[in-house]
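Each in structure tokens, the structures are laid out below.
Two complexes come next, and they have one chain in common, subunit A, joined by subunit B in the first and subunit C in the second.
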Partner chain A sequence: MTMATPLSQCIIKLHEERHDLEDYQGGVPRWCSGCGDNAILAAVQRLCRDENLAPERTVFVSGIGCSSRFPHYMKTYGFHGIHGRAFPIAQGVKMARPDLHVFVNTGDGDCCSIGAAHWIHAIRYNMNLTVILHDNHVYGLTKKQASPTSPVGLKSNTTPRGSVLEALNPLTVTLGVQNVSFVAQAVDWIPELMYDIVSKAFHHRGFSFIRVIQRCPEFLPKMFEPWLHDPAKTLLLTHESGLQPSADLGRIYRNQRAHDPLDIHKAREIASEEDPIPVGILYRNPEVPCYEDLRGAGKPRTVEAVRKGLDAEFDKFTIWPGEQGQSRAA
Partner chain B sequence: MDMAAKFQDQLVFHMTGRRAGEGLAPVDAEAMRPALFAGYRDLTRLRHDFPLVLIETGKADGFAASLSLLVNRVLEALAPRGIEGERLRKHVLRLEREVRAMLGSGRAGTLSELWEEAAAKLGSGPDESVAKVLALAGASLNLDGELADCDERLPERFMVHAWRHVQAQKAALFHGHLDHLKRKLSDILRAAFVHSEAGQQPAALKAAVGGMHAEDFDFSAMSRLVGRNVPLDELPASRRARIERVLGVLRSQRFHAPKLGGASAAYGFLFDNVAGAVAAYRERLPEAVELVKAIAIAELEARNGYDEADHDPFFEAYGEGSLSADDLALLPDYLVCIPADRNDAPENAGLMDTLSSGLPVKVVVQVTDLLEEASLGTGHFAFGVRSARLATTAMGLGGMFVLQAAASSLYRLRNRVEGGMGCRGPALFSIFAGSPAAAGSLPRYLTAAAAMESRAFPAFVYDAAAGDNWATRFSLEHNRDPETDWPVEPFEYADAGLQRVREEVAFTYADFAMCDRRNAEHFAVAPRERWTAAMVPAAQWLALAERDAAERVPYLLAVDANDVLHRVVIDARMMQATRRCLLLWHRLQEHGGIHDSHAERLLARERAAWEAKKAEEIEALRKSAGSVAQPANEGAPAPVAAAPAAPAEAAAAEEVKPPSDDPWIETARCPSCNECQLINPQMFGYNDNKQAFIKDVNAGTYRQLVEAAEACQVAIIHPGKPKNPAEPGLDELMKRAEAFN
Partner chain C sequence: MSDSAVLDRKTPAKPAPLRAKPAVTLSEHIVEVISDSGEGAQRCGQSLASIAARSGNGIWTVEIIPAEIQPPARSVAGASGIRIRIGSKAVTNGGDETDLAVAFNEQVLLGRVRAGELKPGATILLESVWREHRDPAIAKSYNDTLEALQKSGFRVIEMPLEKECRALMTDARRGKNMFVLGMLCSIYSFDLQLARDQVALTFGKKDRSVIDTNVKLLEAGFAWGEANLDFKYAIPATKSTQPQVVTNGNTAIALGVLASGMDICAMYPITPATSASHYLSDCFEKVGGMVHQAEDEIAACAFAIGASYAGRCAVTITSGPGYSLKQEGLGLAVMAEIPLVVVNVQRGGPSTGQPTKVEQGDLLTAVYGSHGDAPKVVMAVSGIEDCFYSMITARKIAETFNMVVVVLSDASLATAQTPFPRPSFSEEWLAPPVDQSPLPEGSKPYDWDAVTGIARRFSPGQPGGMHTVTGLAHDRNSKVAYDPQINEEGLRARSLKLAALQKTLRTPPVFGDPEGDLLVVGWGSTKGVIEESVERLRAEGARVSSLHLRFIQPLPSGIGEILRRFRKVIAVEGTWGDRLEDELIDSDNRRYTPLAMMLRSRYLVDVDCWSEARGQPIKPGNVVKALRAKLEEGK
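Up next is the complex of A and B:
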């Protein structure tokens, strides 16, 4: 942007555009009815509205899977990438245009299976991205196959006699990688906390990783029933610098624990608990440097920067006002 | 002579200020100076911050550099390490000393002039290579500017130069922006012209093609062709008028001098009195408003964002009252440099009002005499208060920048000076230029430094824009040892047996006062044979209890012209002034968070509370250790602990909402999964957060309500009782609904 005096900035701000929730709604979601992805979409759209994110400055990048249809349903920029490669694409976007808000939507297959190598290194790079792992414990798009996070014994089309391997825990993996700076867990059926966590992740500068435990009503309809109907099976992590659930929610979910998000050892301990499901900010360390800062990404190639550069080039050939050019025009 | 008699003379002098008998000699103010000054006889031989080079604008990053620093840089770049570079180093350092001596003898000029002159002088000997070497060193200086020594003119020269430096940066930014806007606006007009009928006339087209190929075209035909094909796109008359008016204002502005000549047409912003600056500000205010408005309109026009309906009324209402400090920051700041002898003149009476009104004016006040005759004469001994008062009072006004410093430290404070000159809003610089000639023969550099070190004129910076609390705004860091009462220096001398003695000597206010010959009556020299154990250094004497102090006499160490060490006894009035100076210094220290009395009191209270708590705990532990043998009470506390749990349970019961028989949704828990919407979008709606609520219960059937409740993944839909008793199959539906109500 060219330089602007405080007065005109103030006037421009007065007439700045505000957006409603609908302004961020792209196509009609094709997810199955009852799918937990809808809850994530609602929380993210709410965040965009509340932060007044300019749609033209916001990008959603995804890989392949049910979750990765996310960019289609956001009326912002989006990149529906190739399988497992959401992270490198998002990192590239961020490197070239650090001024954009970049989100990554990935699934348990996309992130933890085919994209695992990219995932590990994206954590280590700690670039300023908001990452949402839609973890429904199953491959839904290919009609029920076991995923890395499927529990032992899950019968699926690829594991007809039940899966034999222990499920991979995305939280402990993330917390085990160098330079990890933000790890949180949400569940799709507590929308208030989902919004709070997404918002905290967005405001964290660095690689903010949220694992959302998400229902798949089509292929694993009963999987989370016990957690849905018994609030005691959810453990809320509270802290003055983490989540502070409302009084109403606190009355329902009484199983709470104060946890300082700076304590990585405690965070690793909590991350390995599966029942009750911990929900909240496990780890947050704002001091971890971002790759784009370390590398000094240089000048962002924003539209304004490009225009400014072009203007500067044109100015070399400009007939300056007040000289002969101007008198001819008048 | 016995001990008591020796001491008696000194005590009498201390109490009354009168020298009785022959035991004490008067102080020869010309020859006597504080002992710590022994090493500073000849400043020309001493490499120190001065002289300064006031760097010509745009030639280097800063606006001032110390000559010694520049010489060091040259030597680092040119002279090889070790013995090979020694010759060059020696010659260049000699030249530096020569330049210092020339300045000391009243010579003035730029660095290059004096360098050349000194080089010619030193190079005139038989060795021709000297001149060559010095010329080479001079050529690698790479910058130039007036040389300024630490004399009475320094504060004004330094501050005006700093101000010019900041204004030049500001002007460059301003012109860059203004040129950009002018070009954008001209482009709009030009584009409109090209698209207008006039612009498509043969003559205009010919002018556009230029002279070289003018003969190759038939411009009449071209005009017909262009006129037929290009739709006319007229600039609305109101927009054209607005752009032309704005361009007029931008072109004729007189605040920043134009880049190419014409400086005479621009306004001046340098004044020597407050009233003049305020009058000029008022007179130019309407023009300033017009310019600020024009720039804002131009910015909006340039981004095609001017909306007449929204912006016309805004700019019409925009007047002198709307102008903010941020708007004024575009324009140059006013600099008022009040000459030392005009501080009390009537035209400067409005200084405090001007500063508190927030005008963008930077005021430099020069203080020359901290030890004024007037305050001495009245017997009301209050040195320094008048001069130091100004800056501390200005701090109380709040939103401004205040800097107090002695001229000797201006160079060290150059970044803060630059910051102050560049701040938005008013700034006050109170500078002590060193004692006047009437005070004695010490160079101003020394008296200025002495004033600062002795806390008579401490350096401080208060920057209202630096933060929202005292800790970030106020800084004493530029003083020596800011956390102690007086700065303490190691001092070495040879005693009567020619043995090295090393002492720690404090530099007090009395040391500074002794540099002024007008204070000679407050000091008396005690000969060595009369030194007694009852003599105490002034700084220690001040710390004594009243009773102990009455039995002792304060002294300070001084050297005479032959560098012989003396003890100088100080009278009570001078000690009173010293104590007063210390009190003022303590107040500043508290501002700076050093020995903060509130914090210390709080700390003491907290410590007492902590100690009391710990004592209780220890007591409790001791008691419980004693009662281990009697476990009879063990079960007793349980009912007490259980009691508070009951109300919490009650609150929990309240939260479950058993409304009437109406259907309802726990909206806050809705995960937006669309199930209910698919059943009946008229009956179920989403709120602003995309969470479901019952939009219209009559828009559907009870069956749909029950089905939605069953479909809801998180079971938050409660169907209640049916509204329409005629709906078929109600019995079965109500049974199904029971699970959700």
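Up next is the complex of A and C:
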């Protein structure tokens, strides 16, 4: 008998049947209407259907905040964790079960503030996770406090005379960490590109980080209006291995730039541009090793191996009756 | 004891022919070796302990650890070394004061003397190189100390360590420890060949020439002892017929993790817990496991929770400050009912406290910690062998009840060594395979049993079991719920699981008679000390017994009945409890020690407490004194 059945055998059988959208739709989302989270949910559910992911082998892990309600609205496995800790929880899941598809949903407070230490290290571990940063520039669930990505001057309940700090840029931070392997940016108001980016992220093996700039209709209703009204304020990053917008979309968003996602220096330059907002794949490097591979996750483990291993360890510390010293002269 | 045998240093110590010195037979002896950090006193002591164990003697080691990595040389606070209690029978604790001390300089010795660690009149073997040191201040310090020690009744014997070692190696300072080992083997009549084998084992990974040099030093030390010392001891051994394992508590914990079927340990470096993870890091991967060094304590806890959630029960090993940081994560595991094993190797607190010193201060934080009502299982290991088996038990309980199991050890068990029977492996120790069987339609992830509160857990990968676990209040379908009734339903189920476990626990055995004048209750590493103290008092005719608790949350049945069969009950713990001799302290404001507090509230018995939080293992002599006073009280 094997103690922990090899993971390859754990998979009873791949469901051959096609899944439709309903197979991924959990409860009715309780987000405000017009909230960018809804757009992300729609893109992710479409991805699951198109990739025909087995719902039982798909896990959404989140922290705390509006965005982190995400797993409740999927009909897969989900782990709605604690504030800031989605990354280490997801890493534990992936390490124990590398065969599962693991997604992380986190917000700008969850990821860039309380969970910032985990974020930095998650990039460095580069585990195969699809990560979506729902960045609405404000705390929503706790009712309008400034977040690390809030623009300077934002009036909120904790900054009534305007916030005093420059906003943190999640893209430059991520691109500055050793072992970064995938960075993209999407906006909630261009669903076609959101889908393409989520799909590219899913297919990248490694820590795929997508920052989604999204609207909060409740607390920052006007924040992105200039961008919504003027397509020229959005810069599409195109490449044969990156985004290839449809002709229709291309007619609206004419501000485009060819960018090779392998070029990290260009990626860093683009990341620091905030107006127009760059949308697309900034960086992708499939060569960065994943922590779970380096650490041999999913290796089969047998009773015999444990018995042998334990005996070998005991041998190092054992005093056998026969080797005990002779009785000493009194 | 004023017959100081100071050797005349002008007389060269010529290797004299071995003459049979009459060896005084002892039932036990406490010896310690102390030096500056880096001079190898610990290696010397550990080797001596191994030789004693291999000779069939009972041993218990206590490491003497300076707080800093590299304290200044020759400083009172810098003593680094080891104390070994060697006995004819099994030894369960470090005992009282030292009978024989070997010191590499007079300053580290002074530290120990001032701390009251040496028995009055104890024999001291002191390195004499300082006597004529070129720095007159050092020479004066040495000579003054020597004189003072002799005046206060210690028998000080000077030994020309450096001089003897210089004849054998260029860097004499590095050879002193093995020379001393040889000398101690001579003093305790240990077999020289056994000692040679031990040296070969100790330096096994090094070059052959290193082993040879050290064996030469060992032999020289042995010969010096034979030729120059006028005393010799023999501690008859009781040979075991079973193979024995000699490890410290942290290694035993690591071996227990290996044997329990867990295969992920997530940790962050912290004293004094880390050596368990060091050991695991070395051997875990060979059997398919892994140690994950996380970016912080919180991440280590969350990583372990994630792995456990995915079906493979994980462990996180830490100490006090790390445990505090994990509290929110532990609450999540409680709420989501994810099995998890947490080891807390306690150290002095609060805050950074005394990282390298022992204290039993984390009991209440383990039992009641985390906000809200977060029932967890709390076990305490009482010895080295227990460190091993507790990990297997903890994993089983965690997975049977889907609970957090906290295992409390402490800094003294972390480094103490004593032999225990070599465990023989059983398949039942291991975790079952991850359940991936499809679930019938309508299965609920929190289908709490009406009586036990237990629900079958679903793991990712199981068809039909899809749900989102959450730290929010939830119903049987794991749906977020704020309904007053559902909130209580969840609280009830999580609490009932403790009762369900409690019904399976055996009443702990009473040490001594089942009734009497005084019952001593303890938990954790103090078991050996308490039982030895009880034995000493019983030998005097006192009607004293003791009870040692392995499970503290839940407390097994039958304890109340035991407490009531004694006229007086006292908890003995290695932590702070208010003392009635303090002017402001009275029965209205006294903060009892943690276990006393718990026993008083549960059993409504007037449990008194005595405690020490001196950063040292409690000495049986001190417990005996306290118990005697308690027996006398009200007479």
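Simple rule for what comes next: the second predicted complex is superposed on the first by the 283 of 330 C-alpha atoms of A that agree within 3 Å, B and C clash if a C-alpha of one lies under 4 Å from a C-alpha of the other, contacts with A are read in each partner's own complex, and residues count from 1 in each chain.
Convention: a residue touches a chain if its C-beta (ideal position, glycine included) is under 8 Å from a C-beta of that chain, and two chains touch if they have at least 3 such contacts.
Nothing here was measured: the structure is a model prediction, and the numbers come from that model.
Trainee: Tell me the contact category for A:317 with respect to subunit B and subunit C: first, second, both or neither.
Mentor: The second partner, subunit C, only.
Trainee: A:229 in the overlay: touching subunit B, subunit C, both, or neither? Say first, second, both or neither.
Mentor: first
Trainee: Is A:55 in contact with subunit B, with subunit C, with both, or with neither (first, second, both, neither)?
Mentor: second
Trainee: Can A:178 be said to touch subunit B (first), subunit C (second), both, or neither?
Mentor: A:178: touches no partner chain.
Trainee: Counting only touches as set out at the top, which of subunit B and subunit C does A:34 meet: first, second, both, neither?
Mentor: Touch status of A:34: first partner only.
Trainee: Decide which partner touches more residues of subunit A, taking subunit B and subunit C as the two options.
Mentor: So, of the two partners, C touches more residues of subunit A.
Trainee: Could you say whether A:80 touches subunit B, subunit C, both of them, or neither, answering first, second, both or neither?
Mentor: Second partner only.
Trainee: Identify the partner contact of A:96: answer first if only subunit B is touched, second if only subunit C is, both if each is, neither if none is.
Mentor: second
Trainee: State which residues of subunit A lie in both footprints, the one left by subunit B and the one left by subunit C.
Mentor: Residues 2-5, 11-12, 15, 311, 318, 320-321, 325-326, 328-330, which sit in both footprints.
Trainee: Using the touch definition from the top, list the residues of subunit C that touch subunit A in their complex.
Mentor: Where subunit C meets subunit A, its residues are 20, 23, 25, 51, 53-56, 189-191, 194, 234, 236-237, 239-247, 251, 255, 258-259, 261, 263-264, 266, 283, 285-290, 292, 294-296, 298-312, 314, 328-329, 332, 336, 419, 422-423, 425, 427, 430-434, 436, 438, 460-472, 479-480.
Trainee: Show which residues of subunit A lie in contact with subunit C when the two form their complex.
Mentor: Of all residues in subunit A, those touching subunit C are 1-5, 10-12, 15, 26-27, 54-57, 59-61, 71-72, 74-82, 85, 87-97, 99-100, 117-118, 120-121, 295-297, 299-303, 305-314, 317-321, 323-330.
Trainee: Tell me, which parts of subunit A touch subunit B in their complex?
Mentor: Checking each residue of subunit A against subunit B gives 2-8, 11-12, 14-15, 21, 29, 33-36, 38-39, 41-42, 45-46, 188-192, 194-195, 215, 217, 228-229, 248-249, 251-252, 311, 315, 318, 320-322, 325-326, 328-330.
Trainee: So in the complex, which bits of subunit B are touching subunit A?
Mentor: 173, 177, 179-180, 182-183, 185-186, 189-190, 193, 207, 247, 251, 292-293, 295-296, 299-300, 302-303, 305, 307, 310-311, 314, 324, 326-327, 329-330, 651-652, 655, 668-675, 678, 688-691, 711, 713-715
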